[in-house]
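Below is one structure, written out as structure tokens; the observations come after it.
So that you can tell them apart, the chains are marked A, B, C, D and E in the order they are listed, and the count of residues begins at 1 in each.
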Amino acid sequence: MLPIDQGLEHGPIDFLDSPEAADPEHQFRLAAEAGFSGIAAHLGLAEKYLPDHAGQVPLILKLNGKTGIPPDEEAFSPLTAGVEDALRLNAQAVGYTLYVGSPAQDRDIAQFQRVRAEAGRYGLPVIVWAYPRGRWVDQKGGKDSPYAVEYAVRVALELGADVVKVNIPRYDPARKEQYPGEYKNLELSPHQALRRVVDLAGRALVIVSGGARLSEDAAVAQARLALEAGAAGLIFGRNIWQRPFPRALELSRRLLDLVRGRN
Amino acid sequence: MLPIDQGLEHGPIDFLDSPEAADPEHQFRLAAEAGFSGIAAHLGLAEKYLPDHAGQVPLILKLNGKTGIPPDEEAFSPLTAGVEDALRLNAQAVGYTLYVGSPAQDRDIAQFQRVRAEAGRYGLPVIVWAYPRGRWVDQKGGKDSPYAVEYAVRVALELGADVVKVNIPRYDPARKEQYPGEYKNLELSPHQALRRVVDLAGRALVIVSGGARLSEDAAVAQARLALEAGAAGLIFGRNIWQRPFPRALELSRRLLDLVRGRN
Amino acid sequence: MLPIDQGLEHGPIDFLDSPEAADPEHQFRLAAEAGFSGIAAHLGLAEKYLPDHAGQVPLILKLNGKTGIPPDEEAFSPLTAGVEDALRLNAQAVGYTLYVGSPAQDRDIAQFQRVRAEAGRYGLPVIVWAYPRGRWVDQKGGKDSPYAVEYAVRVALELGADVVKVNIPRYDPARKEQYPGEYKNLELSPHQALRRVVDLAGRALVIVSGGARLSEDAAVAQARLALEAGAAGLIFGRNIWQRPFPRALELSRRLLDLVRGRN
Amino acid sequence: MLPIDQGLEHGPIDFLDSPEAADPEHQFRLAAEAGFSGIAAHLGLAEKYLPDHAGQVPLILKLNGKTGIPPDEEAFSPLTAGVEDALRLNAQAVGYTLYVGSPAQDRDIAQFQRVRAEAGRYGLPVIVWAYPRGRWVDQKGGKDSPYAVEYAVRVALELGADVVKVNIPRYDPARKEQYPGEYKNLELSPHQALRRVVDLAGRALVIVSGGARLSEDAAVAQARLALEAGAAGLIFGRNIWQRPFPRALELSRRLLDLVRGRN
Amino acid sequence: MLPIDQGLEHGPIDFLDSPEAADPEHQFRLAAEAGFSGIAAHLGLAEKYLPDHAGQVPLILKLNGKTGIPPDEEAFSPLTAGVEDALRLNAQAVGYTLYVGSPAQDRDIAQFQRVRAEAGRYGLPVIVWAYPRGRWVDQKGGKDSPYAVEYAVRVALELGADVVKVNIPRYDPARKEQYPGEYKNLELSPHQALRRVVDLAGRALVIVSGGARLSEDAAVAQARLALEAGAAGLIFGRNIWQRPFPRALELSRRLLDLVRGRN
């Protein structure tokens, strides 16, 4: 899948060294031509750009989001659209960012519950961006620790996610003293760490995000790692669309071949 | 009853030294084979795992919960599902965690009231996890003191619980100076302390939780203590499912025999 | 009237030296046998104990409450039941605790408004526990000062109470410097102080609470004082039910005779 | 108009040196006998006292209010009644206190919007008590400065008030350095200051409040000032009802003659 | 377009040196005579002044706003009217101020979402005042930096704005160290900066605000700059109506000629 919510989440700073990416048409055209199985976007982009590619690329309507201007200590993403919008735009699924462990978890879990219940009434699958965040996560080893990522994916499963988007956990020896309990000594390779995450997600599917832009070979290696560890799919954004169109298209095809087992 | 909400409440850390427990199928199969009178789970697990055991184990749908990442000073569990979900999943009862004495009691009592009223309209029994929590509880002797546990169970009764889940209170001489009023000198054995709790619950049934894993004999002893003190049942989770399947099954049967008066 | 909401408001500590009071049946039986004109209870007690005495004692369903575990600096009582419950339980009136002057008065007044409006639609009288509370009340002479009690009863009248439950104000020379304006010099006997309160309640009826347990004669004297000052009734709880059944029954009858003018 | 919401807003302290005012019948009878064009009261007083004077004095139902016990730093008045009540009580208009500039302006403007919209649906005029309040108002010269009063009346106009109740602004040389921008040097007589306020209210009518009790002549002088500056009416409360009935009646008639152009 | 919400947003201080502007009739007459394509006003002004010019000037009903009395650290504008009002007043579009990056963004985005959804149901276009605000914006270079303005316009696009009102960004060398990442070195002329903003708005139209009053020639120059950079229109308020009627009319016509390509 191709996520294009970074204009909201990070701001146009993500387009600074890849100017053509500032025009959402770049991403929609990419998704259509490369044959992505979905493009994840907020309502404004979906309404204004998807109709030109109708029928060519399934929509995952992102239902909540926030700017990256305030710090993430109390991270919370309010609704930017509703299930009603997803139905109207013929979305194939909805996306929700859940900040696991945030001081705002009260509101977040409750808001997710309402979204999940309403999506469920219409049979819309829910994809959860399961992100550990907030000051307590920081104090317990950070948002990329196995403790945090494992916890986040499990919360998504228990709350009813159909698909969970995760970042690959990274065991960081420099912070291990912050890790709770036995996690201090649970030294894992990325493959092992991700395999655990996939297991903990149980019957929810795991898709792995690409994060910040890597070299093409590194991106492919990360994708291969994800798939070998059991991920059901990839959700790479900046790694794709922060490249000129032809390169982005080529990399997309390499990744899609990987996912579809044709590499 | 077998509670399996720890993946949300504590996180996967509870599965670290009993890896097979990370797969909810372990717990559902246990509940079915051992003949538990109920499995208490959040919506995600109930939706994805219960259908394979339909008709074999009654569901108690847990309606609220939170992660254990933030501290418990202002503990509050938002809704993770609704009564509507409980009906759809054919739950036999719903579960609600009430953090008695928390600075967030305003929201908690009000939220419980709405859940209780809606469950009542459909005749669904409400099981209250009556947990003293928050900074004021800590200042008055802690969450396990007779003062706190007695207060919690009574609140559950007055607010309309049908069943109350409690931890066994522990009189702690080292903290007794923090206990309010006459509780300072109310030195009670565990049996006496639990008996008082059962009495204070009045016509609400008390079920006793097992807490962290004990040896098998200690778990059985705790169960016997609970039943002798008047508890109507047991709700043991980690003590059961943090064991390999055969041992868990055996212990479950010992406990169920106790409850059913066949030991 | 016999109020039995102390298990929630104060906790089981109120039952420590009168153990039989821990069983709500004690209070319900008392109310029935002594012929109280009402028992004020939260939903859980009303649902589980009143049916055994159906037709013998009118119910005042208390609609909000809180635990006494957090301090009262920002006192607020969330809803514990709704008007819908009062109708279902055939209550004769509903009770609402309003913490006048609390920093949480925003929520409290708004919540009361909704309860009052809904009760009004069904013709249910509203009894207001008019309690001055919170840090600003403390700074202005405390919750028992004539300033505070007079203010509280007036607020109840202006917001639409039908009946107001008050504590007898006490002019405290030691704190008079904290009293606002002319209240500093308004030295009043208890009779005078209560008379003013009754006058300020206007066409709302005043009932006087008994507070903590007194000797029987002192309780009777307080009742006489209340009635002589114009109170329409008494609402004594701990003074009644913190006694063994026969003594409680006897005292109840003395008080009821007073109210009914037969002493 | 005769406002009688001070029992809620200030408390019974306003009745201390005019005891007969403690009985709302005093004010209702005054309004009826003197022929006031409206009495502004909260729901409780309106329900209990107005029926005795039905048809003799139009009701302005005050829809929000608060006690004066907490400080005004974050002033906000929650709803004490609804438009539904106003219709039921046959009110001729509704009153709403808007604390302009308060840190709670978010909730206040939103709450006003809902009241205004609902009142509008039924054709009920809305009278706004436009009061600058809160810590930022204090830092910018106080609630009586021309800056603050002008701002408040303009906000009322822009938000949809039909009538605006204001206090007469007072240019205070001692605080002028706190005044924003050019207001520092906008030295105005009371007449000039009020004239500006009337102009800024545009097509909303301005009524001027009387504030604390003055001598009768001073009250009349203030009324004359208000009318000469363009006010459409007066809303004097304590200046009227903090006097014995005959004096209050006489002053009322003097003021009413002024308003009706018969002085 | 002619915005006239400054009486609420800034207060009457904006009228101090252009007294005739205090009367909203000034602005409405201007809009009608000069042939503006819209006047943006809050409900109170629209209700009371627009009917005199019915059919002569389209209404953009501003749906939220706040006073400028509290500081902007946690800026948030509550609703001042609803979509229902816009329909009733026959508005051609609705306006919404979104404070991008504010600590209150949770409430703001959620509130916008509801407004956008409801406006969308009726086919009403939504114009977003996209304003970076709040303490985190200040720490990252201020509300006029390219970083902040670009981010704000993009958020408006992603959340579903049809039209975006922006201020022209200003690269400020003195604050560039506060700018995030590559923005430090992105030294842009006003034309370049605005062009980027227009590009980032994608298929949402950009209209440029005039800000505080400039000389007439400077205002015209700013308008030309805006149009040359790709803006679809201008929304000049104080630059227009803070002038005497004839001058305001003349300047309006110069600007309108520019927009309509007749200069």
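In this text, a contact is a pair of C-beta atoms (placed from the backbone, for glycine too) under 8 Å apart; a residue touches a chain by one contact, two chains touch by 3 or more.
Just so we're on the same page, UniProt names per chain: A, B, C, D, E = Fructose-bisphosphate aldolase class 1.
It should be emphasised that the depicted structure is a prediction, and the values quoted were computed from it without experimental measurement.
The chains that touch chain D as well as chain E do not exist here; no chain meets both. Residues touching across the chain B and chain C pair largely diverge in numbering: under half of the numbers involved belong to both copies.
One finds 34 Å separating the Cα centroids of chain A and chain E. Averaging C-alpha coordinates per chain places the centre of chain A 55 Å away from that of chain D. Contacts with at least two other chains are made by residues 107 of chain A.
Residue ranges on chain D touching chain E, taken from their complex, read 100-103, 105-107, 109-110, 113, 116-117, 132, 134, 136-137, 140, 147, 150-151, 154-161, 180-183, 186, 196, 199-200, 202-204.
Against chain E, the residues of chain A that register as touching in their complex are 5, 7-8, 11-13, 15-17, 22-24, 41-45, 47-49, 65-67, 69-71, 76, 78-82, 84-85, 104, 107.
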